[in-house]
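Letters A, B, C and D mark the chains as written, and numbering starts fresh at 1 in each.
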Amino acid sequence: MSGNSFGKIFKITTWGESHGSAIGVVIDGCPAGLQITEKEIQKELDRRKPGQSKLTTERKEADKVEILSGVFEGKTTGTPISLIVRNKNQRSKDYEKIKNLYRPGHADFTYEAKYGLRDYRGGGRASARETIGRVAACSIAKKLIPKVKITAKLIEPSLKEIEAIKKQNDSIGGIIECTIKNAPAGLGSPVFDKLDARLAQAMLSIPGVKGFEVGSGFKSAHMMGSVNNDEFISKKGKIVTVTNNAGGILGGISNGMDIVFRVAFKPTSSITKKQNTVDSKGKNKTIEVKGRHDPCIALRAVPIVEAMAALVLVDEYLIQKVLSCKS
Amino acid sequence: MSGNSFGKIFKITTWGESHGSAIGVVIDGCPAGLQITEKEIQKELDRRKPGQSKLTTERKEADKVEILSGVFEGKTTGTPISLIVRNKNQRSKDYEKIKNLYRPGHADFTYEAKYGLRDYRGGGRASARETIGRVAACSIAKKLIPKVKITAKLIEPSLKEIEAIKKQNDSIGGIIECTIKNAPAGLGSPVFDKLDARLAQAMLSIPGVKGFEVGSGFKSAHMMGSVNNDEFISKKGKIVTVTNNAGGILGGISNGMDIVFRVAFKPTSSITKKQNTVDSKGKNKTIEVKGRHDPCIALRAVPIVEAMAALVLVDEYLIQKVLSCKS
Amino acid sequence: MSGNSFGKIFKITTWGESHGSAIGVVIDGCPAGLQITEKEIQKELDRRKPGQSKLTTERKEADKVEILSGVFEGKTTGTPISLIVRNKNQRSKDYEKIKNLYRPGHADFTYEAKYGLRDYRGGGRASARETIGRVAACSIAKKLIPKVKITAKLIEPSLKEIEAIKKQNDSIGGIIECTIKNAPAGLGSPVFDKLDARLAQAMLSIPGVKGFEVGSGFKSAHMMGSVNNDEFISKKGKIVTVTNNAGGILGGISNGMDIVFRVAFKPTSSITKKQNTVDSKGKNKTIEVKGRHDPCIALRAVPIVEAMAALVLVDEYLIQKVLSCKS
Amino acid sequence: MSGNSFGKIFKITTWGESHGSAIGVVIDGCPAGLQITEKEIQKELDRRKPGQSKLTTERKEADKVEILSGVFEGKTTGTPISLIVRNKNQRSKDYEKIKNLYRPGHADFTYEAKYGLRDYRGGGRASARETIGRVAACSIAKKLIPKVKITAKLIEPSLKEIEAIKKQNDSIGGIIECTIKNAPAGLGSPVFDKLDARLAQAMLSIPGVKGFEVGSGFKSAHMMGSVNNDEFISKKGKIVTVTNNAGGILGGISNGMDIVFRVAFKPTSSITKKQNTVDSKGKNKTIEVKGRHDPCIALRAVPIVEAMAALVLVDEYLIQKVLSCKS
């Protein structure tokens, strides 16, 4: 109920703050008997960790994962899998000076409005470091649907544009497109838990996301039904659609075509330019956000988009498994 | 788990098929002591019912609501509120002829892939008639947040364009913009249940929705941080932002500014033009979808967008009430 | 969250008050393709309905069930199954006179303490009529586990004792024992959702239940480990236990032996003898509870115990189905 | 859904195996602003840890708790609180020899039936060490209801009896009675989540529990309504009952009287006496369970009964807070 869990059968709960002692995730509902090693999880984590290129933040973190439970002799046991990553390279002092200021575009003001207090170090719970737990969980989830291929990529802006923006000490937004191949028809639930509705929630739960569209998306608003409808055709004994304006989902349920969606990210809120703001007493101030930041958060979000997509798919895959079962 | 419920504290479960004997909703988690009458619920339902103008379907339904439980002497009792609307003006025979054909753009094929069988009459569970329960529930939910004003409107296409499309026996998509005024700061939860993540799920759960964006949305992908960040300013003792690119939400939590989001609808899938499709045996066929349909589903979705937004807000309002409480 | 739902996959939500216009249940999460008719459901309901013998209440109700959704051409469709029973033979006037008095042993006082108001007619939501929805739901649930046999019976008091008590215008408690045969090993979840923990909740949720024990139960408190432990033995290629003090459950998970538990009911609270009580203003009063009541509620609870046991078993059966699945 | 979580608003998820690297709990849904220190949590843990007297197991564990998240500058922040205890004094070798044998009374056989494999070291997930997380969580929960006093005590057998049993290398069961003082009227939910139904589930979730009764419990089965009903009386402006056969709960909701319930524990399953059993291949064998064990698990369960009672009460207290709220 408190927002830190995702999934109905394959359920994850993430915990931890950016500059606390550790970040982690508990996975509950993973079937027993899956082979998994710390090394495999680490490999996924390494894809998201900072400091990999000159276009991402220079904060360097080992982000070394440890399996604390739920795996025995290399296999999942059906009990909760607890994964932990110790925080190491925090520079909390960067935040001491601005602890009474609300950074524009950040959650400082709203967390304080909600909870009456906040962990001001590096965004606390609202930091993108929280997504470590999601990516770690996804590395296990994906093993349940080995044939399904989930590929996200940044389609805007170009890496050249990002470089230019970085030199201006500014930041820029971006769009990630994600394609899911080989998902069987029948995934997703009616009404409120439509596959695209869950994907939308999953994507908007990623820090910095401002928009989601599936298939022809916002463009479909200007299209006519006779153009937008995907006609069915029988092809080599399989029912497919000629076009894919639906993005692989009809009535909230996958139709066996590629699932295609796009996610819009806003520009990184932390910029070194001086900005106007207020302090916790409501006095007008200016702020310069120091620290080490990404010029384009969308760039680093690629594995996170894939992770969230995988979590939705695996969950609906397990739901379908049970609800299509006859006694 | 099966997708027919929405909400964590103020929880609704809708049931019913388009051409079954009735449609309904059970509301569980409504605080006791709220005044409510069938007349008030009916008023909201009348806003969504078909047959109101020449631009909507000609199917005429009384859609008369009955309160079956949870209300005593005009007040909610804290127990489940069961609301029912009998279906009356069904013309199931329209569907007999096409029961083995998958209508393009509809959920016929996917429901059958998922469940192995389907109620082929009028879309069954996937019909927009299902939203009756949501609108009815919302009429009660809104009483818990009387100061909050939720207003949705169709911003594209113009009604003239819709008229033109109707004459061509075709259909068109549309975009609805929704503005929420007077929502207090602090609504929404961290991480997975961000206010905009829940709104995204809520909107994508409406039949025909293909996209969602909040604040500057997809446009923010092309913006620089220095432009997109909303600076804070103190104004008459209240902390506000100068611009509202965030759409009233920071880090998934409302900041007290107007909450603004847009929802993209695809064109109505039911069109009278002949289309290619396949039957349930995989044979190529053509189909002409008779029946009475809206040229632009977005037009009739306005009260449904408002209803889903209200359900999210009320739920997060109740969550905030309990989680901000000190003993 | 509000207490009116039961089950995780096979989930039911009951609604309705004793003297409202109807009582019902929504079943969400029933797999598609099960054959079910109103007649079969009615048969189960007839087992619990009042007025069947001289030892039960004389209130006569047709308790005629109607399927409103989720079943098409005699089969479940995977969508919510809504069942309704109209209330008919209410005599609400019996309750008018005592609407300001708290009946001893009843929930009048506590519902008012909780909700600030209450439907005083016949116990409102706390009435045993609420269990109609449970029994109706169970008639469908049982179809998922056709081999499992659930049999409850009143083991105390004798029917003669009940007759004697009735003549005294008094009431008496009772104990029901329930035996579940042919449940496979492996049902139940670790830690909080142990099979016996869920059965305990299920049984204590039945009106008037004051105790639950499984296997040797309270007696085991006086036993030594060497006596109470059930030794394993291999018998015709199957692993069984020599004794069954565990009542078929070890560590919260079924072991393949008969599941055996007992449920203690208090005597009917409604008795015609004059009792001391207070009114809603806190004034001391006396009360004589008129109306038509059972001398022993345990007697009529037999099908309800079976129904709740079935709901737990089916739910854990479906959970086991998905969590033991390998990709 | 997988059984490792408890609570609806104040929700805990425990993880960890007896002989894994650590044991822990994530608390999600704790209101912000509560003062809490590791020292306070440690104090509660020390009450349950082994090795405190000659009547408990000799396994010595530091059981040192660490707060990993959700607490900042000594106060809860409203985000998930992650607590961890490293396992240290494991003697896994004790279990190597019996890893293919099913210990009578233990969950070895059933976990393997359920999951297809098991962590055989010390009971794995079914070990009572899992309850560390519950006790730790409870130390925080209790701060939300400071006036409520929860006191459990072993009422059977006497400590002398336990000593005698220990000398025989055998074990014995026991009964714990728990009394909750100062709980306000109005806690608990209707129908399935009655306060006593949730307490029953909570208690049966404790390893070794075989029975639960509230108020007059099983005795009420032999009582007449005229005796068992608790008459109301007005006393110093407060409505109370003259007797308390109900155990403080009517219709599943607290009535302001002491809440009284009893919990039956079976004797410790691990005994050093030789027992018959089978191995994982179904061959008949004998087993002698070495290791360090409690002669009476009920003795050490006292703080766990209190912890589970506190978790139920806090959860229903928060639910009541929100559902009794008017806008």
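The rule is short, and it goes like this: contacts are C-beta pairs under 8 Å (C-beta built on N, C-alpha and C of every residue); 3 or more make two chains touch, one makes a residue touch a chain.
As the structure is a prediction and not an experimental result, all values here were calculated from the model.
In terms of the distance between Cα centroids, chain A is separated most widely from C.
Chain pair with the larger contact count among A-D and A-C is A-D, by C-beta pairs in contact. Here the spacing of chain A and chain B, counted between their Cα centres, is 25 Å. Distance between chain centres (mean CA atoms), chain A to chain C: 43 Å. Mean C-alpha position of chain A lies 36 Å from that of chain D. Shared interface positions of chain A, i.e. residues touching 2 or more other chains, are given as 1-2, 4-5, 8-9, 14, 29, 32-33, 78-79, 114-116, 125, 190, 319, 323-324.
Residues 1, 9, 29, 31-34, 78-79, 143-146, 190, 318-319, 321-327 of chain A are the ones touching chain C in the complex.
Those residues of chain A that touch chain B in the complex are listed here as 1-6, 8-9, 14, 102, 104-107, 109-111, 113-116, 125-126, 130, 156-157, 165, 168, 170-175, 185-194, 196-205, 207, 209-218, 220-226, 228-234, 237-239, 241-242, 245-247, 249-256, 264-271, 273, 275-278, 282-284, 298, 319-320, 323-324.
Those residues of chain B lying in contact with chain C across their complex are 1-2, 4-5, 8-9, 11, 13-17, 20-24, 26, 28-29, 32-33, 66, 68-70, 72, 75, 77-82, 84, 114-119, 124-125.
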